[in-house]
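Per-chain residue numbering starts at 1, and chain names A, B, C and D are given in the order in which the chains are listed.
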């Protein structure tokens, strides 16, 4: 493939960022919006072209004709910074199943959000938000960074764009920069992810030092040998280097590789909001809602999943690191689902739901083993990433529509909106059905694959994750009923009735809803697998049906339906059941409602420990001890000067005295010596 | 009894010590100057005595004394001029009062 | 003598000094300053291009454009000049900052004298970077230090007398160590009976300083330069000095003068005494490692903008010395990159702080807020500077720090590993204090309604800021070029004595 | 062996020197101090005569006794009223000064006396002839003093001018 189109895919959003950022304030709002949207639309079309070419063209550089294995294709790769002859950061474009998939996901969601924002970022009277152009510039910057991240050819390129993504997310969360809560939320997001990135960076350093390369193709290539797809000779040998090196193959109780992988996973935990580094994501909802849809539901937060998937062959070599991923993911999934049941801010419910769903993907990666259905978990994870991006973006955009109409994030202000906003109602319902895993919506297939993979790994985690899936259905329908049913909406005096939104907002909702309905039929098993080898022989529209493990599927379906029924009973009409439930388990409810006091804990650590016990004492030490020592030295010099100044009094008689005493002493000494 | 050097040096020493005593105890500037003259004179005596007793053929000691007398005259003249000037300014010739240039 | 291009780096500032002496109006002074600093910038760019052309043509000498003229024959003191990639990078940095600094001090009291002292300082800086004779190097070093006293004492703010005194005395204290060690090096510069020399290249070639003497001279030399490089615990002149200095002086001082320290540590201490450097590095690694984290933590709780930035400089300059002590090609390259990067971004910081202070008349972040709305240009500039400082890819901080970390990680023993990780952790703390300042200063509601009437940047302030931003972004976007420029200096032969890399 | 007359003369001179010196620094009346100084100087001159340095003795009388002491007297008269006593010294200070001077006397005296055995040379040689003195003062060879002579004459000139300038009434 010619590198022209890939270069444009990366360059166009960057150009848009520069144009809108530097010249935006000279443009009209409408022009800026159109420019940004058109730019992103073009990028989307190009990304589709690239992605479809990769999957379906049959080009020998993309698929091995003999083994039907999809290959990693480096479209271009320019040296950017050479640390040593072998450790070189290159900026390039890597096409393989997951990056092609991500190209589609990112550009689709991003385009939807660009389009949607044209309507969202102005109020009912058509007045544009201040900084509208800036908003589009940041969106473009984010899209650029995210695209750069997924097509990275080496781990350091990924880290570069990883940081850029973090920074643009900072800018977008803090978009309403005059609002103190938005400022502190953006700060929190950046610092927490930065802390995680420290682990990522150290992991990269360890890994690259022992393997001598940054390149993904060297680190993770997979090849066929004796009919079995496995980690390639080159990967294995470069990783074996780690063990062959006599210097420190073991570092603080773990092998170097484990440390490297776990630290890299820590970076992923930060971006993907895994416990305990999840605290930034709920706060990040301070940003405009389209931003939440783009960044905090569909793209940036899955970067961690993507990172683990990208290095999956390496993780396969260290069982322990995969176990850690499973445990972290499972705990996070349950935690987030429980918290989501008690939140009253709709965006926060969605945020915790996102955390929970990403944890699903993580667990799925953690349980993936080549022995079981050719690494089904890996495929399921990517599949869920894809479907989740679609329906979660849909849910967020619906939430945005609601907030736009009501002017509040709190569902207590919403109740019973189904008649006022029919389109939003239907699309939101589709989203809920999808996330709950009701056949035939998108979430059903992907979640079912995940549960199947978990089942194949361990029954305990299977039961655990099924329970979480039930909780998911419950809290999503709780939210749905509380917004659209519960009791009739009364229009407060002086306000106009809530109504559906302009077409720029409606269109993305409809498109995404349609995708959520049909995305489950995409034969992902043939497109994205850990070793590039398709799972199915024949592909048709019912492939996914055919591949289902109906045992698992029917159980999960049953769980979901029961959960929905419970939610219906409790929340469809105004009734005292929720209060009763709350009083049944008051402590649990309180802990969930306060998100298990994680924020307070972090507050304590940052303010009391970091600031109070480290920074302040250091500043004190610097001021009084180090600086004090210097000033003390100066003071001592001055004091001595003052003290001996009296000797040089100008009083000649005193001089004679000194002279006399000196002479006498000398004389006495001489006399004594001569005696 | 032979009048050896020591007989001349001891009075000179006493004279010098008197000068020292005066110099460090008196407060009147003229008195200090007088003590100074005593010390100078004691030194002069020593030069002359050494010349006469140790190097009788030479004249160095004598000439040194000669020049010292000249210098003493010059020095006294200047010192007295300064003292008179100080007196005009501060109406006192007590050394303790002459400290205005110190600060 | 005048056929050597390097000598013009000293002559142009001196001519400018003469020009200022003749000026009668502020306008004339500005003209001279702008023309002169543009000439310097053009000269350094031309030198860069010419240097690259020579290297491309296969020139392999360690230093190019060398020249040597006897100055004081009995002690064999020469005015010896020569540059390699590192010096050229430093010259470029200096001329950019002087250019930006001239615009940043567009309206300052008693302008003629201010610029005269500033240019005297620049003379010292340029002279230092082109010299390869230790004596002239030291002389220029002192020339660069002394005007600082007057510049801060005269044009500063706050406790300026105290700060000026403290800064000068501490740096002079460093100079005392330095002088001792330079003289020590001189007397061991040649084998028994050989002609003693001050010339760095000849000393390095002779390699005649015995191990014992290296052990004695290296720490003195390193501490001497380290004081100017703000090494813990000799950094306390930096916060006070920067806080009180006028804008252009802060820029020049943090941007260029502190680099003299790092450059000297590398060029004299490491270059001439590699054995001791290798053996004693651990002592200074501890100190500089502490510097990095300590400065960052200190910055977290300061409330004065300039103090924050000064402590941030302690942290970043600590990183420079830290990397130098790692003694391998990658880390040393990173150290020089960090010098460039820190020089530019800290100059940018100080320029912006000066501009903000000039408007709000306070530097206390608790008294300011929401400035982004009032002065968007300065606000955006500040955010960019902050992002560069916390190592955002695409700006200079990232490439420098990453090069340092990758280089430092080449050491496999536990001691180096631990300190590398400690140094790495500074990227988080940096983010904390940078975002804290940005959040308080630029974002949030406006704290003081008097600030609402303030204006955004003027054209000269914009020019100054944009120059620096473009430079920062240039390093961040095209690091390979700078890396290539610098790397040649760290050829393996230089470390032959150590056997590293 | 000295003649008795010589010893008597010596005794008188020595006594005069010691007594006058002591009195010159202990009397509280400044004019008396000047007078005792005068006598001490005269005694010194006598000592020079006794040691056969007639020219020197003459110079001593002329310059010191005639010139310097007169200067002293004039200045005393200019700066203090007759009958003015200088303030009584604090006994502590006097005692300290006394101890200082005495200890010096003892140390120096002890070191002199303890080496008295070495200092046994007797006085010899003649009164230098006036012509020799003149030649030595004006010559430039070894043991001749033209340069100091000129220097001191310039010094005296400077001194005169300086004295005039300093003491001049403004």
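General remarks:
Methods note: a contact is a pair of C-beta atoms (placed from the backbone, for glycine too) under 8 Å apart; a residue touches a chain by one contact, two chains touch by 3 or more.
Worth saying up front: this structure is predicted, and the values here are computed from it rather than measured.
When every chain is reduced to the mean of its CA atoms, the largest separation from chain C belongs to D.
In terms of C-beta pairs in contact, the better-connected of the chain pairs A-C and B-D is B-D. Rounded to whole angstrom, the centroid-to-centroid distance between chain A and chain C, based on C-alpha atoms, equals 37 Å. Taking the mean of the C-alpha atoms as each chain's centre, chain B and chain D sit 7 Å apart.
In this assembly, the C-alpha centroid of chain C lies 70 Å from the C-alpha centroid of chain D. Annotation: 97 Å between the Cα-based centres of chain A and chain B. In chain A, the positions touching at least two other chains are 657, 660.
The multi-chain contact residues of chain C, meaning those touching 2 or more other chains, do not exist; every residue touches at most one other chain.
Chain B has residues 20, 24 in contact with two or more other chains. Every residue of chain A that touches chain D in the complex is listed here, in rising order: 657, 660-661, 663-664, 667-668, 670-671. Chain B contributes residues 1-15, 17-22, 24-28, 30-31, 33-35, 37-38, 41, 44-45, 48-49, 52-54, 56-60, 62-63, 65-67, 69-78, 80-85, 87, 93 to its touches with chain D in the complex. Against chain C, in their complex, chain A makes its touches with residues 79-84, 87, 89, 156, 159-161, 163-164, 167, 170, 174, 177-180, 183-184, 186-187, 190-191, 194-195, 197-198, 201-202, 205-206, 208-209, 247-248, 251, 610-611, 614-616, 618-619, 622, 626-627, 629-631, 634. Here chain C touches chain A in the complex through residues 166, 169-170, 232-233, 235-237, 240, 294, 297-298, 300-302, 329-330, 370, 372-373, 387, 390-394, 398-399, 402-403, 405-407, 409-410, 412-414, 417, 420-421, 424-425, 427-428, 431-432, 435-436, 439, 442-445, 479-480, 483, going by the rule given at the top. Considering their complex, residues 20, 23-24, 32, 95, 99, 101-102 of chain B touch chain A.
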